[in-house]
Every structure is written in C-alpha cells, then in structure tokens.
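Shared between the two complexes below is subunit A, which has subunit B as its partner in the first and subunit C in the second.
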Partner chain A sequence: MIGIGGQPLFMLPFGDIVLYFTPFTLTLFILALVFTVLVIISKPERQIDIVFGGDAYLAKEISISEMKFRRFMAIACGLASMGAMVTGDIFDFALFTSLVGICNVGIVAAVKSRHVQNAAYQYGLVAMSATVPLFAGAAIVAATTGTLSILELALPGATKVPLFVKALLTLGVMGEGMAPFYAAKAEMFRAPGAPYVIMCSLSSLLIFLRVIEVVLTV
Partner chain B sequence: MIISRISRFISNFDNLLALFAGACAVLAVLFVLFLPLPYSEDQLYPKEIDESSPLYPYERGGTPFERADIHVQYPENSPFAGYVTAYLTPFSLALSRLTPHAGTTIVAHPGGILDEILYNTRGLDTVVETTILFIAFAIGSYLFRKGS
Partner chain C sequence: MIHYLLFAVFFGLLLLGIHRKVIARIQRRPGPPVWQEILHMFKFSFKSTWIPQTASETLFVAVVLIAIGIWTAAFFIVLAGGSLLIIFGIYMLHKIVEHGFGLSSGSPYGKFGGVRSVISAASEIPLFVSVAAITLFTKSLSISDIIAYQEVSGPLILVIPLVAVAMYMVIVSKMPFGPFSIVESKELVSGYKTEHFGVWRAGLEICNGLKTYVLLMTFILVFIGAVPFWLMLVLMVLIVVTLSFVCALCPMLSPFDSVTVQTLITAVMIVYVALLWWLL
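Now for the complex of A and B:
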C-alpha cells in the first residue's frame, strides 16, 4: 500500500479490524499519546481575570471533583483520538470519531458558564447530526465495495469508493469539529482548565488529518 | 462587504446547526445526482435472513462443537472463527425453545446469543460502541448529580 501515508511499519490485528501504523498515522498517534500523557500528569491552570487600570484581580475557583471529571473526559478523548488515528477500518473510524465528539462535550459539560454551556450544546447538536453522514458514508462504502478494511480498499485492483461517499465521510468529520463548524468549539475554549480544554482542539485537528488520509487512500 | 457578513453569520454558534443542515441538504442533492450507486455483489459479510428462526436476526447457522462456514476478511487473524455461532447458554437455549423472539432479547440476557461477526471478528467495534454508551452515561450522570 503506497498512499499518502507510506508503507505500514507495523500491524496490530484485532480480528477483521487491523490497526496499521504508517509513518503518517504513527506520527499522529504519538502526538495524541504525548498530549494524553501531558493531560494525565499536568495540573490545570487557574484562570485569573485582571482588572485594567488597577491592580485588582480575581481567581476563578474550580472544585477538585469538577477537575477530576474533566481530566477523565480529556483522557478518554485522547484514547479515542489515538484509536481513530491508527484504525484500519472505515466503520471503526466512524465509531472513534463519534466517541471523540461525545468526549469533547464531556470536557466542558461541568463548566459553570452559561456562554460555554450554550456553545457546547450547539456543538453537541451538530456533532450528533454529523453522525448521520459519517455512518451513512461507512454503510455506503460497505455496500458499494463489499468491504470495510482500508488496507483492502487501498489495493490497486480494489473497487474504488465513489467520490460522493468520500464527501459524506468528510462532512461527517467536519461536523465533529472542523471549520466552519469549529466556531462553537472555539467558544468552548473560554472555559477555564487548560490543558484539558485544549484536547478538544487537538482531537479535531487529528481526526481531520486522518480523514484526509482515509479519503485519499480508499 | 459580503465576506464580513458571511463571517459574522458563521461566528455566531447559534447558526451552526442551520449551516450544517444546509451542507447536508447540498450533499443530499448531490446524492440524487450521483444515483444509481453500484452495489457490490461480493459482500464480505453475507447474511441469510430466516425469519422463522427463533434467533432471528442473529442467526448465523452452525451446530454446537462444529465449525460453521463464516466469511471473514482476514482468516489468519481469526483462527477460531465459526466455532462460536451455535453456542447458547442453557437459559438462552430454553428461551429459544419457548419463544420465537429470543433474538430480540439480546440485550436482556448476557451471553445469550453470539453473533460471530459482531462479537468475534469485529470485536473492537463492539468495545468502542459500548465505550460511547459508557461515556454518554458518565456525562449524563455527572450532570444529574451536579445539582445535588
């Protein structure tokens, strides 16, 4: 398989679902892994509002239990991104992508800010509707080619996936958090608690890079 | 300017769902233009639907302790494919003899019916699916308990 990602260095078979590590997917996997480790070991930031023209400032207090929940969701999001980076199966990729979308809502679900909650609600609605084109794309891939394995679809003699189906998959991933639907996510970052909220941004960047590889390979 | 008006519309996240609906509508029109899509007769997971079977729609055939004929993508990765289809726990076996709807109670009794493709060769899918449910339940329960 010579695609955009290069030759697979390593395969990890789970029955019919074969995870493959090409230089491209391995890079993305390591990026997600490093960031997940950072999320696990780092302490969250404490947001401070400074009053202009004076020396007054106020620190936002965030309870430990809220931070724990947000860290749990950030780790789950990192694991989902890692899975989406290396999976070699279209349906599995769609599942991991929707898991990333749900975890992103979970990261900011505990924030006590009306603005952030509204943004997360709108993002959740779009991410939920985006699963329809995403899974429809995976289903039509199975119907038109008879298989779901990216490795099989990348073979030279394999049936090519119609262009429209690739557009469906891409629209599904865009709804999970790429421009222009990224606007709600950008508002979600106003929540205090980096580096956990940064996981929202990183995961959508990673899954978009991966879906480009998938669409160009099959 | 038209660009500033567009960017103002997009920057308001209340409009995003409408925007996404518009994108889906455009793609739906394209879908009609691209029809008909070819259907591959050489499907990887063929399935015969037998509505009279009590295990419908999870019936994959096979008799206990014998290997059923299962098509998989990578047979070398699933050396024991075909051995699990006919396994039923004693309770499920009794249920399938009593009622013709044992297949629809798959969520109600653990270990009842094993769909070979669903749980063995595509097991990672099942794991991720339940993880999605678990995460959604964790968020829901956290939000529910936050008020108290």
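Now for the complex of A and C:
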C-alpha cells in the first residue's frame, strides 16, 4: 500500500533504493517525458517586440549558442523532473528537486539581458536558500524514522514523519519551485520563451505535485 | 465511452453558452443564443488555419493536442472513480498548457496572457487545501471512496462547506468573463489564445467544453455524491447559473488584485483546515 498515489504498478529495486510508478507518478512522468521530447524537437519562437506609441515592431533572433545552452538546460531539467517522479527515496527526491532548481536558473540566466539576468540571480538566491529546509527535511526523516524509503514509510505501523519535517520538505520544494515567477518576470522583459521557459513551469509544478503526494503518504 | 465523451464536449460547450446568455441577461443585453459556443467550435473547424511565422511550430500545434489529451484523461479518470489528486494535477497542468499557448506563438499578446497564467498560480493553492481537508474525513482521495463515504455520512458540502466554497472559487477562476479571468482579458486581445486560429481554436473550444464538464462533474461527485444522471445535468446548469451571477456582478480584477484576493482565500482556507485538523 503506497497511500494516496495508488497501488504501485511497477517496481525496480536497486538495493535499498526503489524506483516505482503509481498511477499518479506515472501520469506526471509521462507529462515530463512528453514535454522533454517537445523541447528536443521544437525550434524556438522568433520574438516580436512592439514599439509602444507607434506601429513599429522589432523581430528578435536568438543566437545558436544561446539556443543550444538553453535547450541543454531544459532537457536536463526534464530528466531531473522525471527522476523526481520515479524515485522512492526522499533523499533522491531532494537531490532531483535541487537539480531542477539549478537547471531552471540556467534556462533563464542564459539570456543576455540585464533584466533577465537580474531575475535569474534573484531566483538563484531563493533556490539556494531552499536547499537548506529541503535537505534538512530529508536528514530529519532519516534521523527520526531510520529510513528514507517512501515505500517503507507508507507501510501501516511505520514511524510517522513529524509534521514540521513535512513542512520543511514542502518549504524546500516551494523555494525550488519558484522558477515560474522569475521566468515570468524575465519574460515581461521579453526573454525568448518557447519552448524552454515552459520547462520551468512544468518542472516546478511536477515537483510540487509530487511533494504533496509524498507528505500525504509518509 | 466515446459517445459519452462527445456528449460531455457538447454539453460543456452548451454550459458555456448558458453562462454567456445569463451574464448578458443580467446586464440587460439580449446576448448570444445558448448554443453559440457549439457554433463557434464548428465555425473555427472550417476556417482557414495557419501557423504564424514567428511561432515555435511544433509546440504551437502540440499544446492543442495536449490540452485535449489531458482533459480527456481527466474525464475518464472521474468516470472510473480514480484519484482526485490526479484530477487536481491535471487541473494544474492546464496552467502549463495556457502558458504553452501564449509562449509558442511569439506574439506579445499571447505571451502576456501566458505570463499572467503563471502569476495567477495562487488560484490553484486552495485546491491542495481542499485535498487535505477531504483526506481528513474520507481517509482516501479515490473518487469512488469519497462517494462511498458520502453514502454513509451525507454530502461533504454539509460537512465541510468552506472547502466546497474553496473548490467553487477554483471553478470561478477558470470561467470566462469572471473576476479572475486575467489571462484572456481584452487589453491582451484574446490573451494566451490570440494567435491560435482556425482548427487550433476549434481544438481549444473542445478542450474548454470538456474542462467545464469535468470540473462541474468532479465538484458534484466530491461534494454532493452520486446522483442520477439527469439530476447531475440539472445541478451542472444550476451551478453554472450561480457562476454567471458571480461573473456578471464582479468586475475583472487587475492582475495584482486577482493574485492578492486568491492568496487571501488560500490563507483563510489554511486556517480553516488547521482548525479542522486540530478538532479531529
């Protein structure tokens, strides 16, 4: 029994680290996969900026090197999101979540614009700070229950994870998942978006949905 | 099952038509006929279709298919009595789809619609508070278990009315012409869907019809319980009429105010659920 995510459909044990799919995590994994494939095969948008107060408009071109870097970061972010969906270990979940945060900073920071890089810098500070409650939460789970396995913690009769630890994990994910707000801030200053920025929104949403499942399960 | 899916699309579009008609009558306008949204869907299906030169072509087309795909999946999950958490996950993923619609075209109007969609993520947080409150009582998030719980203990709307109100506000935030409809407000032309025209817009209309049907069906099943099919349709119409009154009487908020109001609702809900948890 694995709580509210549903019965596991598939398990792949690597020693004490178990990867598994429930109907819930499988749904999220498939979405991460679909969007990662989209990032790989899509060409970026070509932006149009309107000059206010007149009829003029400007078309922006993205350099190949910038596009390659953002694509690499978006793919890495998709892979990290998929990892966070399949893992059955709270420490690995924390690790994948922090990787999602790093990749999201990279996606935004690659744009060579002062405003956009300011947004990326501010998000980087938030993401870095959020690693403290995130990993502290994982460490306290191990200290209080003796295991990091979500499967073990979901068993009836298992030691319950304290409420404040669940709050720490959620706080950590909220910090790492702040990316869409900063990506939106960057877009307002006309950072080229599709299809890379969408990975910021998607990965943040996925890790947020997964942590809700985790804290309601353990 | 396919015939029921088609029925859901058309009935959902009819509900959106009723929504427009009621708003118009409240504002003393004749308004369009109630089947106008169905006509829109057919009209767009046969209009010329293009992809803007500035668009990210693959994403531009893929988001339409993903939008229809996720709500079709949600429809079948509700019918099968599956997990409420997956339905709420899909509801939140719709935000990504809106963002994708806005981003993919390269248009500044679409992009600002997408950006507003991201910043209005506050509207989703009451969903999780609702989930937590429902779990406190039913000990399960399976829709079939929630229905079974209500057969024994009565409708959840009477047990946890504020949670039902929070869910109702979530539906308000997704209704067109509402106080929180900042993603498609008129200063952005049509917001995130500005550049999606022709068949792509017809696909979006199908998605909107299905989304309306699924959200209302979920609300009824989770807070009122299993009811005969005809009664469910009547309840859907009644809920839409109440939503129309809210949308007609409340002005559209500015993006900042919209997020502030939604955050305040979330704060009230968190206190309410904490109180429930304490009392139980």
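Definition applied: the second predicted complex is superposed on the first by the 198 of 218 C-alpha atoms of A that agree within 3 Å, B and C clash if a C-alpha of one lies under 4 Å from a C-alpha of the other, contacts with A are read in each partner's own complex, and residues count from 1 in each chain.
Quick note on the criterion: a contact is a pair of C-beta atoms (placed from the backbone, for glycine too) under 8 Å apart; a residue touches a chain by one contact, two chains touch by 3 or more.
Predicted, not measured: the structure shown is a model, and the values here were computed from it.
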{"item": "Combined model on subunit A where subunit B meets subunit C, clash or fit", "value": "fit"}
{"item": "Which of subunit B and subunit C A:A184 touches, first, second, both or neither", "value": "both"}
{"item": "Touched partner set for A:T147, first subunit B, second subunit C, both or neither", "value": "first"}
{"item": "Superposed model, angle subtended at subunit A by subunit C and subunit B (C-alpha, nearest 10 degrees)", "value": "150"}
{"item": "Which of subunit B and subunit C A:L202 touches, first, second, both or neither", "value": "second"}
{"item": "Touching partner for A:A194 - first (subunit B), second (subunit C), both, neither", "value": "second"}
{"item": "Which superposed partner A:E176 touches (first subunit B, second subunit C, both, neither)", "value": "neither"}
{"item": "Subunit A residues touched by each partner, larger count belonging to subunit B or subunit C", "value": "B"}
{"item": "Touched partner set for A:T27, first subunit B, second subunit C, both or neither", "value": "second"}
{"item": "Which superposed partner A:L216 touches (first subunit B, second subunit C, both, neither)", "value": "second"}
{"item": "Smallest separation in angstrom, by C-alpha atoms, between subunit B and subunit C in the superposition", "value": "5"}
{"item": "Contact residues common to both interfaces of subunit A (with subunit B and with subunit C)", "value": "180-181, 183-184, 187"}
{"item": "Subunit A to subunit C touching residues, read off their complex", "value": "4-6, 23-24, 27-28, 31, 34-35, 38, 41-50, 59, 180-181, 183-184, 187-188, 190, 193-195, 197-198, 201-202, 205, 208-209, 212-213, 216"}
{"item": "Residues of subunit A touching subunit B in the complex", "value": "13-18, 69, 72-73, 76, 80, 83, 87, 89, 91-92, 95-96, 98-99, 102-103, 105-106, 109-110, 118-119, 122-123, 125-126, 129-130, 132-133, 140, 142-149, 152, 159, 162-165, 167-168, 171, 174-175, 180-181, 183-184, 187"}
{"item": "Subunit A contact footprint on subunit C (complex, rising order)", "value": "53-59, 62, 66, 70, 73, 82-83, 85-86, 89-90, 92-93, 95-96, 99-100, 103-108, 111-112, 114-115, 118-119, 121, 128, 131-132, 135, 140-141"}
{"item": "Residues of subunit B defined as touching subunit A within the complex", "value": "10-14, 16-17, 19-21, 23-24, 27, 30-31, 34, 37-44, 72-74, 77-78, 120-125, 128-129, 131-132, 135-136, 138-139, 142-143, 146"}
